[in-house]
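Quick one: the structure is below, questions incoming.
So that you can tell them apart, the chains are marked A, B, C, D and E in the order they are listed, and the count of residues begins at 1 in each.
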């Protein structure tokens, strides 16, 4: 049993989701409780990854390996290191919130809704724990399916367009990855990701593979200019969908850069780091300005997600310039900052979408102009909202600060101009977030409907409170996370810096 | 010892948490008791710390509390550095904060968010402690932003006022502009030193020698970037625009945050970084000039303001400018000295103003006041003390600090120091003028109060007057007692570094012959007569011949226009930054993102595929002879390809 | 030019000419007749190739049965009149170009370089007692018994198909039912209808 | 040329399935004449039993050594046996689905089943054909049966029109195929696949031989491409799919594809394997065209049968891509792909038929609106099918594409692989349209499923298999690859 | 002597006439069936010529079967044609385009 914890984490929610489907929409109450129970159970189990984790080694832990498709040498090979483990816990954590957040809000086919999230949880854990490229790819693609349905069935008015756009966009991105994985298989005879890390590739091969990976991961992250699916998907998705999308699915892209791009194509990563950094900086600055003028809250948060994820890619690709053999801290700051930013963005964007969800559930509008003076009727809620907004704006003491701080410090060592551009988010990020806060929460009540709002109930309160704790703990004491990821990042850094030529 | 300092920081935090989460349950009395007690504990302990470090010359305390993060060799921790500078700051912050807490009991009595307010100001106190006790840049930045957060929340405390929530957004964003530079500065610090710990950074300053960035010495760039942060927080031109707006918040926080403590964080920070600033004359010159501009021009604006708090606010800006000038001329201890005295008398003035405002039922226009002296004696007398301290009337605390700054500039060997000297001296006149104008208009002369309010006018309750009195005492005397130890007996020496090439402090030391001597010496100095001139002018325009003021205003209408429009900073920001950035954002969104990327490239390629499909589809005409022709034509192509083209042509023509 | 060659060219000419006439004929019945002419030419060519059995079969099976079937259908559906105007003028040039290119390419491959007499000499004529039919029969029922069976299946399919498709169900058949006719009664034949005259009482 | 002829009955065990099936056909044909209306179902059950027994017989022959009997016209090898088993299984499944459709649309006639069995016999002949002649005859048996089956709904003018188009084009195609066969025969002097192989692989092949072989090859490829429905010989596919009765469409789109692949293998791999460098280029062109056209034109379709027709074209492109690699494992991949395709296609048409009612064909995408409301289970099944067709893991369609792509990439045609996956993404769009209709849109009419339980059960198993085989594809991959 | 290539070219010409006939002809479908017959005759001629020149009867056997198949094919083709006439009242090629796109 000790060794099959990852399998349990993957398959328990998937089969649990199946069970919930079988319960049916008619028995919604039971379905909800069962879903919640499963998600909590999975979360608790996932904590054992943390407690049992040996942070002194970069080797894969909790590994499982059994043959699957022998013709291709494809193994059912699972394992986690410091890069994937926190993301798995983030996944299990977010799923609880999402299930709780959809508790009474989702009246349309509630059991299916819960089941979709449970299944997606399992699939995403699969993505993060796969050590075989095809297994990874299978989970990667399969996780699109529940999301497609979530957006398409439970989404807003324009959900069909958004769902299909999301699906095709990400699908298109990932097929290129598939081709390059196959290419490497043909070279090495193995689909094992770890073998691919050691596979030697020429400059041209690396360049092709790098861009193929780029297509897959950049779309997912999303990086400029392949980001336009995100605002649509986020806006149309139900609250839970937006949360998972922002909190976890975007991380799959970042994770891809960590797990694939850097170790497999180090030379190409070095070669194209300039392009990547440029795109990241465009995402940070340009998207910040775009976010500023949004009138739809979800769209604003969606754009802010793009901007924040720009820090991830910036941190990752700044390492080559930031690295200095005498003091590798610059590169570490970038990479670990990217990692921390991913986790923290998981909390904050989830919180922000939940905040919008709370409002949307009440007035069924995402327009900023509908609101105004919400604090007058929902003071507790406003407290949370302002806190998360501050976290979104990167206030020290919240998790939002840590990643940005680290990445900017790392970027300074790469090139001061990167840091200058990245640091504009301090201003722009605060501007769009707080301007929205101002228009939604502060001020007089202008819309009579706002007068009728009820403050958050205890369920909503607990969800937001849990996230608050997460945001604050992560902001005040990030060291446990850093400790877990450090050795793995150190190993990754060596892989990324060691030329394969 | 560690727990000792920790208690100082945490007891207001505890108060804040209790007040914030349980305030409504506990009720008003319990809430303010708890928070006041929290700050009281801090104050007492701060005094003990002051005693230990400053008076008993205790050792510097520098210790990490916990590791915030450890990356390779880089350790970023949360920890405390307590030296004499910190000790002074602790006393100032805790004392003013305590006074404000007490004052708030009366001032906010009728507010429905009474408990929340206490929670906020306690939280602020905690943040400020974290800022001043920090031993590293990360924590400094944390405190720096945390006080900004509380400031944001408190400016917008009356969130139903549109002007308040405009102002808090503006305050936060302008501060963020400063933080932008500050963070980059921190990044560069880390880059050259590999550490964020003050001690380690200062010990590795040699690394920056001979390093260039952007055509300047690296250290200059770093100092300038850090100073950008200070400019934001300490409201130096051109990042001063938020401070007048912040007066939209309740008066206690104007006193605490926007006069006495938070805005001085920039001054504190530069003093803390004195080893770095000392390495760059360019940076120091910039600091000095920015300070001088602020001191002079912001003071001028005070003259034309009619809102009681705005006048005090511009005076604060001007005084901050003085402090910055002091920093610029390497007279850090003088800056801190002025910081301290200013904290007391400006808090006093603000609280006094608040007292007047409460009495006037929140009427803030000084043109509608007058003759309040009789009705509010305590406010009047404490206000007088504050005003005299502010204008630097000999003997009052402000006199010592301001005079020292002017003298220090006099001794400075930096370029442009002579111009700065004229500016700060002119500033004395202006300060006296607007301060006394305010004082006269409010307390003297004919009452212009509307009758209804007039009938209810009375002195404020004890909770308001006690802090006034408590603050009036140091405002009056603290300068006299502390000037010598603080400036010349090395109170701050273990925190501040001054390079020998920077002369002002040595010059001052030579000139200084005791606090009492200074008073007598004052009458022979230019600043004194400038001050007298200012007082006289104020008397003429406000009391003796009020119509002259209108005449002057008409005669110099251009100057008046410039001053009334606040030199156009706000309009510039409105047009360039607010509207311009919105336009840019809309352009990027509508044109670049939606139209170009999404519609043309993304959906366009989808549409393109559809277009191809609509072209290809009609080939399937439904007519069987077309199908046959298609097959045969394909046969022709394939045959030709196989025979003549392809990889292995069978026939070579 | 040997007699063989003369025969070959004559038959070839007729073969080609009648085929062309067939495809350009506007009248279906005439087209069938041209096709029959081509089949005759083809059969003649086959005889030149000593495939007497197949030549005869072509005439007997094709001309005798299949072509008659064509004619039968044409007459049955009454489509022999040239009411359907030929509209191929527009396609003809393109079609001809394509056809000519294909023929040219085929001719390149099939030309004398590959299949000329120098490459593959004409075999000697069989002796007079050579029986094409015997030789074929010998093989057909031994080596080719499996295809032969399959051909039977094919014909079975043709039968089933023809019946399935064209044979009408009983309900549609226009046949008399004698017993019904005989057992008819008078009341079934004459239907008495009472006509209600509108009331002329004039209340209108 | 084989002159010695032994009519050894023991050798006939190799052809036992065919013999059994033909006997069964004849018996059922006769029996059907005497069955009155109430007992018509007997024909159906007899057909199923016959197919089952034939399948079992074929299954028993798996593992036999390669046997060539009947004058070299018939070969029994593992590929033949395995294909026959798959033919039977897929035909049986198709029959289960068809019964519902035929009953709903009053097409339930004994001839239908007889013709289906005859066409299966033709396919078996093709699968086991070892001479040009038997391959041709098998193909014609199949084709003639199919023409008839399409036109069996003789009151529906679309069905007749479809049959006619298929017939005319099919006749041209078999003419072209025959022309090619005549060339192969002419240059190699034999109709036997083995001898053709021997001829074409002889070291002393003159340039004349190569020229004529390849000349013939072009026509063979066209004939095969037509049968498979590859672009540019695909034009019958959409019309026939749309016009034919759905049960026939289902049949045409599935079972004969296996046979066509078998014929391809017999002719081009077993017979002209040495010419691979010539035909693989051709196939690659056809494959890319098929994938592209199938993916693009389907985007605009509103009729689901027509849409699936284009989807078939695109899938066939992938199959041809496997063959174009010219290596054994590539052929294996193609076979795996075609089997996977048959599995998916059966399920897709199964769902269409499931929804059929009297007077309601359920062949428009809009007919699926809100299916997930009325029948979540079968909507889920259709979802699986569509995603699998789109090539999403973990369904079988993904592994099929994976195998093909792996082969394509390993033969160095990375650009081709990229083109293929891009079009696969484009084709995902139209599969999503169906998902959209089922899941994202509200129903505008009542849908109740009147299909019998056996159909529902088989359909469920069929769709679930798509997932299960997707999760555990190892056995099937190895099986497909072991055939070469 | 007549060479093999003469026969082959003759049949190639006939073959192409058959092909062209199919698509230049829109008058009626029955002509299409006849064109198919023409194609088959051309192929048959090929087989017979090869058979003759190779001295190998397999080609002739093949032709035998082609003739059989062709006959069966014609039967089915005419049956379908009849059905078409019943359904549409015409056998013009132009009426058979209700399935398209």
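FYI, a residue touches a chain if its C-beta (ideal position, glycine included) is under 8 Å from a C-beta of that chain, and two chains touch if they have at least 3 such contacts.
Bear in mind that the values here come from a model prediction, so they are computed numbers and not experimental data.
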item	value
Identity of the chain that, by mean CA position, is farthest from chain A	C
Far-end chain from chain B, centres as C-alpha averages	C
Chain centroid nearest the full-protein CA centroid	A
Computed distance of Cα centres, chain D from chain C, in Å	30
Mean-CA-position distance for chain E and chain C (Å)	9
Geometric centre distance via CA averages, chain C-chain A, whole Å	70
Between chain B and chain C, centroid-to-centroid distance (C-alpha), Å	101
Multi-chain contact residues (two or more partners), chain B	606, 617, 620, 622, 624-626, 628-629, 632-633, 635, 639, 643, 650-651
Per-residue overlap in chain E, given as positions that touch at least 2 other chains	8, 15, 18-20, 22-26, 29, 32-33, 49, 58, 61, 65, 69, 72-73, 76, 79-81, 83, 96, 98-101
Multi-chain contact residues (two or more partners), chain D	133, 137, 140, 144, 147-148, 151, 154, 164-165, 168, 172, 211, 215, 238-239, 300, 429
Listing of all chain pairs that touch each other, if any do	A-B, A-D, B-C, B-D, B-E, C-D, C-E, D-E
Partner chain B, residues of chain A touching it in the complex	165, 168-169, 225, 228-229, 286, 289-294, 327-330, 332-333, 336, 373, 375-376, 386, 390, 395-397, 401-402, 405-406, 408-409, 411-413, 416, 419-420, 423-424, 426-427, 430-431, 434-435, 438, 441-444, 476-479, 482-483, 486, 490
Residue ranges of chain A in contact with chain D within the complex	68-72, 112, 134, 137-139, 141-142, 144-145, 148-149, 152-153, 159-160, 163-164, 167-168, 171-172, 175-176, 178-179, 182-183, 185-186, 208
Residues of chain B defined as touching chain D within the complex	606, 609-610, 612-614, 616-617, 620, 622, 624, 626-628, 630-631, 633-635, 638-639, 641-643, 646-648, 650-651
Residue numbers on chain E that touch chain C, as the complex places them	1-10, 12-21, 23-28, 30-31, 33-35, 37-38, 41, 44-45, 48-49, 51-53, 55, 57-58, 60-61, 63-65, 67-76, 78-83, 85, 91-92
In the complex, chain D residues that touch chain A	372, 376, 387, 390, 392-394, 398-399, 402, 405-406, 409-410, 414, 417-418, 421-422, 424-425, 428-429, 432, 435-436, 439-441, 472-474, 477-478, 481
